[in-house]
Each structure stands twice: as C-alpha cells, then as structure tokens.
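Once you scroll down, you'll see the structures, which are given as structure tokens.
Common to both upcoming complexes is subunit A, partnered first by subunit B, then by subunit C.
Moving on, here comes the complex of A and B:
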C-alpha cells in the first residue's frame, strides 16, 4: 500500500501533500482540544505497535502479500485525531527505512491516515450504532470498519492514479485488481484489528477511546439486568452504606 | 447490613482509587511496558516470518505494467533501508534489529509529537 516515488506525477503528489498537511493539521487542532498528558505515551505506543504490525506481511493470494494498515486500530484505541497523527508518524518514520516515496508521502498519508483512520473511525461509529450497546460490540465494529477501510484506501489510490498516474492505463483493470486484492487484505486487517481491540477491551477497556461512551453507560445496563427485587434491594443497601461510610 | 456490604469489595477499592485516578496512572505504566514488549517482539522476531511476496499495490503495479514507473527511494542507500541493518549477514538479525530501531523511533517520535500537541492547548487550571 506504500506508494513509491514515480507512480503518481509531481503536481498530483504536491496537491495530495497539501491535502495531507491540511488533514493532519486539522487532526492536531482537534486532538489538542481533547487529549491530556496521560494519553501521550499511549499514542506513542499505538504508533509503535502499528509500525511493528506493518512489518508483518501476511500472504494473501497468488504470490501476493498484505500487511496491517492500522488506521482503524489506531483510531479506535486513541481516537480518530490522535490515530491519524499516529499513522502519519508511522509513515514518516518508514521513510527512514526507504519505504514509501518521499514525494508520495502526501498520497500515502491521505490513503492510510485520512481515509484509513479518520474515515475508518466514522465507519466504526456507524457500525457500532447498529450493534447492541455493549463492550463486546467494539471489536466487531472495529473489525468490520477495518474490512471496509482497506478497499476504500485502495480506491483512494485508484483515484490518485486516475488523476496523476505517470502511465496511461485502462482504469478498469487497475481498479479491479486493486479492489480485488485489497478486499482480501481487508480480511487480514479485520482479523488483526478485531483481535487487538478485543485484547485491550478485555484488559483495559478504559483505555479504548472507541469504547468510552459504553463504559459510562455500563452501570445502568447492569442495574437493569439485575432486575426486580433482590438486586434493587442490594443496590439501594449499598448506596446507603456508601453514604454512611462517607 | 453486613451481609450486603461484604460482597462489595470494589466499594473500598474505588475509594482507594479515588476520582483522581492515581493508581490508574501506575497501571498505565504496566500496560505501556506490556504493549511495547509485544510491539518489540513482533518487530524483532515475528517479522522474520513475514511473507516476502510483493504487497497488494506492488503486485498490481507489476501485473498492470506500471511497476517500472517507480523510482528508487531517496534514502535507498541508508544503513536501515528496506528494514535491514546493513553490514549484518544474517537476514533475520538484520531485519529484527531494524524492526527494534523502527519501533523505538516511532514510540519516541510519536510520543514527542503528541506531547507537543497537548502543549498547544491553553490550560487555565494548570501551571
């Protein structure tokens, strides 16, 4: 998924560079309004984990491999704004490893941070809305969003290629090939994303940005399920003792 | 009443934790250490078992005939180019070491940038 230098012409690359700067700049503004110092190392960890994940190419079909893009994973764990920043950091550091062209940085940040993390998070929230409002829905929604986001990132490349590809090719062939293989890679992405989110939700649900609104609601759910008499009595009893203790 | 209060140890625990969440900070450290450990193990060891086939885009570029449009990376001669530390004969060691370097740089750079982002915010209540 990392576009090297030369696939897309200079004007298009420059325009996408501007898109990337605007997108990441907006993410920085939004993130600065909502993050505190505690989240700083978590965002670093998230970026480091995605860097590691992107090294792990898994085989798909016919001598082809894919790897985690990590946009949805990062966005669900630390939020869409920090998630997009984390992916942009990963892409910057990967330049040191000669992965992804320098002139293509804007193209790659657009595909993986803006489409991958920001649009991916939007999809995650949409899927979460139709699932039951409990923690168990979070990994499922993250996996589903990841599944869809990878072909969307591939479609974003096809658009870039259509606008500024350095060779004239029938777009139908490129589109079909890109979408076909990235649907398969999306399955791997969905699996890794759901498994990782599931692990963090199981151990530290309070650290999962995309699960926070469910944690606030969780006590209400338990009380409702506790039901009629005994549960209600126990809770009111606890409330009274709590007051006495205080 | 005692029967009701005994099955509620979280009551006391919650009091100890308090709304300020001090102990949460400490267990964040545990989470961070564990997470970084996993990331380092993945980059250092598991990466050696990764598929070396071309990735989706590279394969499509090859099949559709635009792979040769790609130019060498500006940093292609760097000592960590292509996720291999140059001068190390063993491929797995060279790749694993590159992975550890990458994970470390990403953690530090990511953390530093996000720290800078948090400093952008005006903070009326903190010194």
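Moving on, here comes the complex of A and C:
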C-alpha cells in the first residue's frame, strides 16, 4: 500500500506529515538512548534488509503473489524504535528516489512505521504477556501481532481517506474492500513473520529484541561437582552453567 | 558504489542544466511543484495538460531516458484499480461511456484527477532521480536540515541494500540449485527461512561495519557527502521559477473554476 500524491487532500496530508515527523523524531530519541552510536549502522542495515525483504515475493494463491510489509518483523527483530526508523527511511528513499508520493509521505509513514511497527510492537508485547514466558512464544506472538497489524494499517488508511479523501467513494465500500484484502495479506504476513522470527530465535536468540527479556530471565546456576565432598575441592570442581531455556 | 542500487537505477550521468543544479534546489522545486499539482482543481483538465507539458519539458531538459522512466511509473498500478472502479461506484449524475455502460460523471472526473495527480507526482520524482546521483540527494537533504541521523541511516541503506539484495539473489540461486521451485503456499516457509538467514547475515554485517567504523574513529556522527558548493542565488531563483509556473497554472485553474 503506497499512497500516491493527490489521493488524500493537502491539509490532511500536511497534518499527517506533522504526525510522522513527531513519531519518527521520538523514535530517533528513544533509539539513541538505547543503542547510542549503533543506531546508524543497525537501522541502516535493517532498512536495507526490509528493502530486500520487500522484493521477495511469495506466492499467495492462484498465481498471485504478495510481498512483505515488514513492520512487525522489523520491530520484533531490532526493537520498535530502530524498526520504525528503518521503515520510515525505506519509505523516504522510495518516495524520493523513484516511486513518488512526496506529499503523501506523512500518510505512508503513519500507516507503515507508526501503526505498522510501533503499534505492531505494542500488540506483540500484549500477546506475549498472555502466552507462557518462554522463547517458543515469541514467533507465535509476532505472527499474531502481524495478523492484526496489517488490517490495522489498512484501517488507518481508511481513517485518512474518511478525513481527507479527494474522491467520493462510499466509505463503507472502501472500508470493506481495504479490510477484506488486508485480512488476507495479514495472514500471509503473519505466516512469514512467525516463520522468520522462529528461525532467528532458534539460531541467534540474542539478536531478537522482542525475546531479550526472556533470555535475561534464564538463571545462572552454580552446580557443585557430584561426589566431591572436601571443602576446597568443591569449589575447584564447581561447574558454572548459564542455562538457556531454548 | 551505490550506482547499481535498484532504487536509483534511473540515474543517468549527463551534463545538462538539471544535472548541474544543486540537489537541495531540485528537492525543494520538486516538492513545491507536487504541492501545486495536488492543489490544482480536477475540473480543469487543461491545467493538468499544462503541468504535463512542464514535466515533459523538464524531462527533455534533463535528457531523461523515457523507457526506464515509464517502467518506474508502474508503481502506481495498484491505485489505478481504485481509479478504474471509481466511475462505476461513485455517486452522482450518470453518463454513457462508449455507449456500452453508464457510469458516474463525477466518478469519471475524479478518476481522471487521481491518475493525473499520481502520474505527475511520480514523473517529477523520476526527473529528480534521473538527474541527481544518490550521494548528492543526501547532501541536498542535509543542507535542507534533515536530521543528520536520518541522512546517515539513508546513506547506509543505499550503500548496503545492493549487497543485501545481491546476497538474497545468491541465496535464491542456491535454493534453485537444490531443486527449490516455489509454487505453492508451502514454499513460503522456505522463503521465510531464507529471510531469517538474511536478517542474521545483515545484522552481523551491521555489527562488523559498526566495529570497523569504531576502529576508524567513529564517535556517532558521519561526515556527510562530498564537499560541494552550496546553491547560489541564481540556483534558488531557478527552483522558485519552476514552482511559480506550477502555482500559476494551479491558480489559473482555481480562478477558472470560480468563474465557471
């Protein structure tokens, strides 16, 4: 969903431009507090990853194919702030380097970076809270959040259309069509997001921002060596294990 | 460098006036012009023809290759579906089309406006991208006071997306070599696995790049772009003139609607 110029009227676009500037500005501040001098390389590489991921078409049904939006995926993997910056930068580059929609940039950033990544991450954390607190829940929560976030982003577009649409389509029809299509897209997005996150959780759980709090909870056990009774020997024979629940 | 990047593939090095105009002037001019296009009332068809002439003139001035430019503009296809549906579902007076179907007159007009504005918006950006190398666009954004961190993230994205897209293609070749033929929904799982590996490799590359930057004395801010002379008064005058033409067309169309 890439809103072009002139689809939403100028005042609404300008207002959403302000929303986007405020949202991305806040994300930059939070990200800088979190990873400091790593913001630029990590957000930059994440933006490049999202850009590449969006080129990866997956078959949907009957010969049609869809591509990833990546908001929830980016937010779960690198965190909501870096993820939102990455998505916003992808949109900025696309609009400035070839795809147009300069005046609609605020609308697109609101839908995909603020709703898609920030709100998506909030949903992810909410879902994670009701699931058992272990790593296996992370992909399921990410998938569920993606499933809901894609129609939510579409709903955000419908709201923009209701406020400042330049064409008079019946609002009910637009809502129905947009939500219907995006529920389907959301299913694909949920599947890809969950499977991708599950692979990263299985191989490098420390890289998954949304799983870090679960890793930190893993207790450090200091086990005495079995059968060693003497005081001094117990220490020299102690095994230090950081048990990771995976 | 980033010349092979898919997003900047429309750039053609030439020595035209548009190529020499500093990027910050071009960005402001394009943005300003798109705003005037958006503000032009859709009832004035001739105004959009005038806008199109201006854009075509700019394209000729910048010697923009028509083929790649046209391919770029396919991006708006999904929204054309909206435009095609409009005349059939929009409210308002009905009119006959080709003597076959009756459609909404307003819907037809709005569909025209939708397509015209979106097309002009893309075409202007294509002229910008075709006449400005990526690093100059970044310098221009920096001069326009875009926050340094956003410019730096953009420059990273542009620099590394070529590498990452190449890596993705190599992984696709490797999958194909193992007999992977993606046809059904089941193959989506394989693609998701590939995406996961791609993320890990991208992130690890990000970490290596960060360490390499630290070892070269990086402290959190990047030197932006190549030193280049900032825009002169004449450059800004040229940019303002372009926007003024658009504004004049939009204003004339607005007045015409007021009279009619």
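Rule of thumb we're sticking to: the second predicted complex is superposed on the first by the 197 of 246 C-alpha atoms of A that agree within 3 Å, B and C clash if a C-alpha of one lies under 4 Å from a C-alpha of the other, contacts with A are read in each partner's own complex, and residues count from 1 in each chain.
The rule is simple: a contact is a pair of C-beta atoms (placed from the backbone, for glycine too) under 8 Å apart; a residue touches a chain by one contact, two chains touch by 3 or more.
Keep in mind the model is a prediction, meaning the values are calculated, not measured.
**Q** Is A:52 touching anything from subunit B or subunit C once the two structures are fitted on A? First, second, both or neither.
**A** In the superposition, A:52 contacts both subunit B and subunit C.
**Q** Between subunit B (first) and subunit C (second), which, if any, makes contact with A:203: first, second, both or neither?
**A** Touch partners of A:203: subunit B and subunit C.
**Q** So, does A:24 touch the first partner subunit B, the second partner subunit C, both, or neither?
**A** In the superposition, A:24 touches subunit C alone.
**Q** Look at A:192 in the shared chain and tell me whether it touches subunit B only, subunit C only, both, or neither; answer first, second, both or neither.
**A** A:192: touches subunit C, not subunit B.
**Q** A:140 in the overlay: touching subunit B, subunit C, both, or neither? Say first, second, both or neither.
**A** neither
**Q** Answer with first, second, both or neither: which of subunit B and subunit C does A:10 touch in the superposed model?
**A** In the superposition, A:10 contacts subunit C only.
**Q** Tell me which partner A:38 touches in the superposition: subunit B (first), subunit C (second), both or neither.
**A** Touch status of A:38: both partners.
**Q** From the superposed pair, tell me which subunit A residues show up as contacts to subunit B and also as contacts to subunit C.
**A** 1-7, 28, 32, 36-49, 51-53, 55-56, 58-60, 85-86, 89-90, 92-99, 101-102, 166-167, 169, 173, 203-204, 207
**Q** For a test of understanding, state which residues of subunit B touch subunit A in their complex under the given definition.
**A** Touch residues, subunit B against subunit A: 1, 4-5, 8, 11, 15, 24-25, 27-28, 31-32, 35-36, 38-40, 42-43, 46-47, 50-57, 59-61, 63-66, 69-76, 78, 80-83, 98-99, 102-115, 117-118, 120-121.
**Q** In their shared complex, at which residues does subunit A touch subunit C?
**A** Residues in contact with subunit C: 1-7, 9-10, 13, 24-25, 28, 32, 36-49, 51-53, 55-56, 58-61, 68, 77-78, 85-86, 88-90, 92-103, 166-170, 173, 188, 191-192, 194-200, 203-204, 207.
**Q** Give the list of subunit C residues in touch with subunit A in this complex.
**A** Against subunit A, the touching part of subunit C is residues 6-10, 27, 30-31, 34-35, 37-39, 42, 72-73, 75-76, 78-79, 82, 85-86, 89-92, 106-107, 110-111, 113-114, 116-118, 120-126, 128-129, 134, 137, 141, 147, 149-150, 152-161, 163-165, 167-168, 182-185, 187-189, 191-200, 202-203, 205-207, 209-210, 213-214, 218-220, 222.
**Q** Please name which positions on subunit A make contact with subunit B in the complex.
**A** Residues in contact with subunit B: 1-7, 28-29, 31-33, 35-53, 55-60, 62-67, 82, 85-86, 89-90, 92-99, 101-102, 154, 157, 165-167, 169, 173-174, 177-178, 181-182, 184-185, 203-204, 206-207, 234, 237-238, 241-242, 245.
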